[in-house]
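Once you scroll down, you'll see the structures, which are given as structure tokens.
Look for chain A in each of the two complexes below; its partner is chain B in the first and chain C in the second.
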Partner chain A sequence: MTRWPRIGWKTRLSLTSWILGTVTVIFLTYQWLPIFTLGLLSFSGPTGGTTFPMNGTSFHWYQEVWRATVMNDFKPPLMRSTLLAAACSLTTIVLSVMAAQAMRGQFRGNSWFFYLMLLGIMAPGILVGFGFAIMMRILGVELSWDTTTFLVQVSWTLPFGFLTMLAVFNRFDTRVEEAALTLGASRLKTFRRITLPLVLPGVIGAGLFGFSLSYDEYARSMFTTGPDTTLPLAVMAQLDRQLTPEIYAIGTTTTLFSLIAVTLCTAGLWAMRRSTSLRRS
Partner chain B sequence: MDTLTAKVDDPAAPVTVRPQLDLELRGVRKRYGDFVAVDGVSLKVEKGQFVCLLGPSGCGKTTTLRCIAGLEEPDDGGILIGGKEVTRDPPWERDIAMMFQDFALFPHMTVAKQVGFGLEMLKKPKSEIASRVKHVLKSFEIASLADRKPGSLSGGQRQRVALARAMITEPRILLLDEPIGALDYSLRETVMLELKLLQQRTGISFIWVTHDQNEAFSLGDLVVVMNHARIEQQGPPEEILQRPGTAFVAGFVQGNNVFRGRVAEIADGHVRIETPVGPFFVPFTGAAPVAGGEASFSVRAELITDAPSERHGNRVTARCTAVEYFGSVRRHIFERPDGEVLKYDQFGAHAARIAIGQTAELGWQKEDCVLHGRVQR
Partner chain C sequence: MSTIRVRSAASYWLAVPAAAWMLGVVVVPIVLLVWVSLWGGRAFSTASPLTIDNYIRFFSNQTYLKLVGTTLVHTATLMAVTGVLGYCIAYFLTMKVKSPLWRTVLFLAFIVPFWTSTLIRAIAWVPFLGVNGVINQTLMFVGATQSPIEAFLYSRTGITMAQVSLYTMMAAGPVVYMLNSIAPQLREAAMTLKAPPLTVFWRIVFPLTLPGVVIGQVLVFLNVMSDFATVATIGGNKHALLSNLVLLFYEGSQIRAASVVAVLLMVCMLIGVVVALRVVDIRRLGADR
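Then we have the complex of A and B:
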């Protein structure tokens, strides 16, 4: 009978970590493979289709996106979606910082305020969009991507920014603010000079949430956008007409851009945290 | 609001200029819901005084400090800084600075930047701030840290930065909330001495909150003992150590033996107090206590002797349960018949006379007893 050497619990701990890590990586691969597939197929030749096997390799479909006809020109929707997402992001930042700051005041009825803020997450998107469209029709407001869509999308992105800011302020050391107050800084100056710089990573996080949630929002935009469509709506319309690798090219381009943006933001946050952490380096 | 307009607005308003006091609290009260954190605290701090607020945790000493700073608004009572009514003024309009327990440094600012923060808020010109910061950093021996951020500083360095940041505007009062509690034990003694010297040199009043009586008694010109949101006793350290005013103060201050009982008889300047341990004779001054009323008194451990003669009018017999040797004193812990402990300190240089387990008769003079003003409920 062989006696296995006893493994110490620390060794087993690291083994467990490895196993759990591997499971996560497998899941992530499952999540990312379709996107890689799309990326790969976007480089098919001019006669290529939307399924394997690939028919040659080229930048044909990227060129198609660039010099598109009026019918299937994706550039204006892309422009609109980017502007819309940026506007949603900025609005989310301002409103969520204000709302979270209000919550810190522990005012009367703040728990009601909290649930009311989260309503936007819990309500189904299609119903919100549809109801909003009906209301706008009754009020006689014309639907447009830069008015009605913007409003309804902020109702969706704001709760996420709000939750992010609440989490940030939860870990915030209020004594630092109090120190500033006793050093002669008014509340506004304290906010500008102390609070805001310290919660900036969270603020950027809230902004990123706002951008990405708005950028690919479909359900809420479906009924509330006027004749000028946003990118998700344009892509869906194109899918109805004909499926070419051109759509893949759009997907790949936008994914690449958002990856670059996220990486830059993460690197910025990391550098900021490193310079402000209270631990000894 | 200056006093002139106050008088014009309301002719009945009293003139509140009292330049001789740095700080005055008049019956300050602060409630959080049902919990009373500060209950009618009145205090006068003279120019350049070192005041220690001493008490167990939750006694209201930190809340009192925060009320002085303006970080809390009292529900009732008044606060005057330098003779000026500031009760409703925000912190940034008060002539104070505060040092927090964990220093509350700004993590995103360099040492030079945050030391200059107070001056920047006063809108001083840049060149003046720079030269003043340079000077202060040098005098606090942290000039080499000017470009570092708090994250890379040691505890002692952070303490200096926090102090420099608070002192640079030369406020009338510096409020310190357990300022050396976050430091290593080995550092505390040095820092205490430095702070005391700094206080004497600058003439700025220090209000120092602590739960450590060694800090309070060695630093304070005035020690304020607090318990359950109230001031139990205030006075110079010697007075509090030698004449504790209440049973709580006597029990809180090290080296006191507290006895509680009933006043049985009053005769020629002494009261006879019946306690579960036996009768004791205690001198009193001023108004005579009520016969039959509750009373408490204390006697210091070093005033007890283990060889009582006829001079020692108060006696108790007890069994020794432990002996602690501190070098300067040898402390004996006795078990009293009523279950509480009795401490007896023998001069450390003398040879040990009582062993653990031994029963001994202890005694002390009547005049060494201190009668307390009121019994703690």
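Then we have the complex of A and C:
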């Protein structure tokens, strides 16, 4: 009598496992299938439409992207988006390391500062972008991708970098700093020679996060970019004009680039963590 | 002792650039929107007299009021779907998957799309939903329907389907974090005291993950409320939510009306966040930062 209910639990437990596992797998398929379809359809033939059948396979739509006319040339927007993302990433790195270091100093009002940063994540892009565009109009500043869009996008990437750096400093072993300081190194020198090298993987992570967030940002850029658009804006404009597999080709290319960047960075961080932990032991 | 002295002037000055940036680009513009929404007259001028006419005009229009309702219902639907789905997935990943390799692989499979453009992922749904789209072709091939269903592309159903795929991970992520922080001894203790698994879940595990659930719901709420891009991509011009109205008015140079909608959106979001904070103390989560 005492053994039966236990077995009942076990079968019930494995049943829940199976149900939850099925839900997970179905959702994974659901999440990935559109991305794969996008990739597949981007290789459809010259007469292929925006859905199946593909009418043959070709690189036609990729070639189309490459030798584009002025109307739908995606190369300048791509260039702008990349430059903008790099600038945002660098700014995020510098400011978020400074801000996280400041949080360690527990200055007065640091909890307000923390909430201010959280607000940057919480505040939706459409409100920030719209509000900033109005502010620029009141101030009489011309909208442009390399000034106003940059300012707005950093306000989006910075809080994420800040939170990343807080997490990194949280796990940081302060005893190594103490050792350096006790041995007579100045605070600045200790930071440069001891702290910074140790948190470097986190810094790179924050930078990459910033790059990706800025590169993909649409809502904030939409209100604040002048006549020269960034890539997401160009894609959306093309979508409004005409939906062709050309958009799928661009989508596939940028997705592939993101994936490669993530893979490289994860691998780099992993290798770095391995080397530092080896040195420590 | 660390590289920065506690409560030093240096720590203060290090925080100033970031704080100034956030104040200037996020806080001031949002406050500005409230001001602009109160402008009277027609010209774009800071000398406009202040009235609440813009709000009266908005709230006396039945269509707009209905749109507010539609937006809230749509958001609530998504919160419910992503909440349940996200919890199931989070529970499976942290509690049921034992092999570290599989766990890493599954985590990556979920997280990697997060690093790609949301816009592209929304566009990726278009070939699925159309009249000749993949879903209709499959349904007709299986024989579920004779003629294609037009209810997917340019419909709320299609928008919901795409947004579920975009935002479920936001609901699941915080839950995964909270599940991981539950000490296994707690469950073991309950099990030793002969609590059945379901009781262990509802009395021990779920209450401990509640903060994660709430934070996930807040993230989904905020994102769906302001996600005009997916609605525009999949809903075409036929469907709009509150956030699309901001854009519509903005493009029509009706700055005041756009500000009114933006303020309304902001108020909805503030209420949502405040309600969530009543349930969960966010500072307790930040305590171990």
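Criterion: the second predicted complex is superposed on the first by the 248 of 281 C-alpha atoms of A that agree within 3 Å, B and C clash if a C-alpha of one lies under 4 Å from a C-alpha of the other, contacts with A are read in each partner's own complex, and residues count from 1 in each chain.
Note that in this section a residue touches a chain if its C-beta (ideal position, glycine included) is under 8 Å from a C-beta of that chain, and two chains touch if they have at least 3 such contacts.
Because the structure is predicted, anything quoted here is derived from the model rather than measured.
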item: Overlay on chain A: chain C relative to chain B, clash or fit; value: fit
item: Touched partner set for A:Val176, first chain B, second chain C, both or neither; value: first
item: Partner chain(s) touched by A:Ser96 [first = chain B, second = chain C, both, neither]; value: second
item: Partner chain in contact with A:Leu198 - chain B first, chain C second, else both or neither; value: first
item: Superposition-derived comparison: chain B or chain C, residues of chain A touched; value: C
item: Contacts of A:Leu139 with chain B and chain C, given as first, second, both or neither; value: neither
item: Chain B versus chain C as contact partner of A:Gly184, first or second or both or neither; value: first
item: Chain A as apex of chain B and chain C, Cα-centre angle in degrees (nearest 10); value: 100
item: Smallest distance from any CA atom of chain C to any CA atom of chain B, in Å, after fitting; value: 5
item: Footprint overlap on chain A, where chain B in one structure and chain C in the other make contact; value: 178, 181-182, 187, 194
item: Contacting residues of chain A [partner chain C, same complex]; value: 9, 12-13, 16-17, 20-21, 23-24, 27-28, 30-35, 37-38, 41, 49-52, 95-96, 98-99, 101-108, 110-111, 113-114, 116-117, 119-120, 122-128, 130-132, 134-135, 137-138, 151-152, 154-155, 158-159, 162, 166-167, 170, 174, 177-178, 181-182, 187-188, 190-191, 194-195, 212, 215-216, 218-219, 222-223, 232, 235-236, 239, 243, 247-248, 251, 254-255, 258-259, 261-262
item: Complex interface listing, chain A residues touching chain B; value: 173, 175-176, 178-187, 189, 193-194, 197-198, 275-281
item: Residues of chain B that touch chain A when the two form their complex; value: 69-71, 90-92, 94, 96-98, 100, 102, 104-108, 117-118, 121-122, 149-154, 165-166, 169, 175
item: Chain A partner contacts - residues on chain C that touch it in the complex; value: 1-8, 10-15, 17-19, 21-30, 32-33, 36, 44, 46, 85, 88-89, 91-93, 96, 106, 109-110, 112-113, 115-121, 123-128, 130, 132-134, 137, 164-165, 168, 196-197, 222-223, 225-226, 228-229, 232-233, 243, 246-247, 250, 255, 258-259, 262, 265-266, 269, 273, 283, 286, 288-289
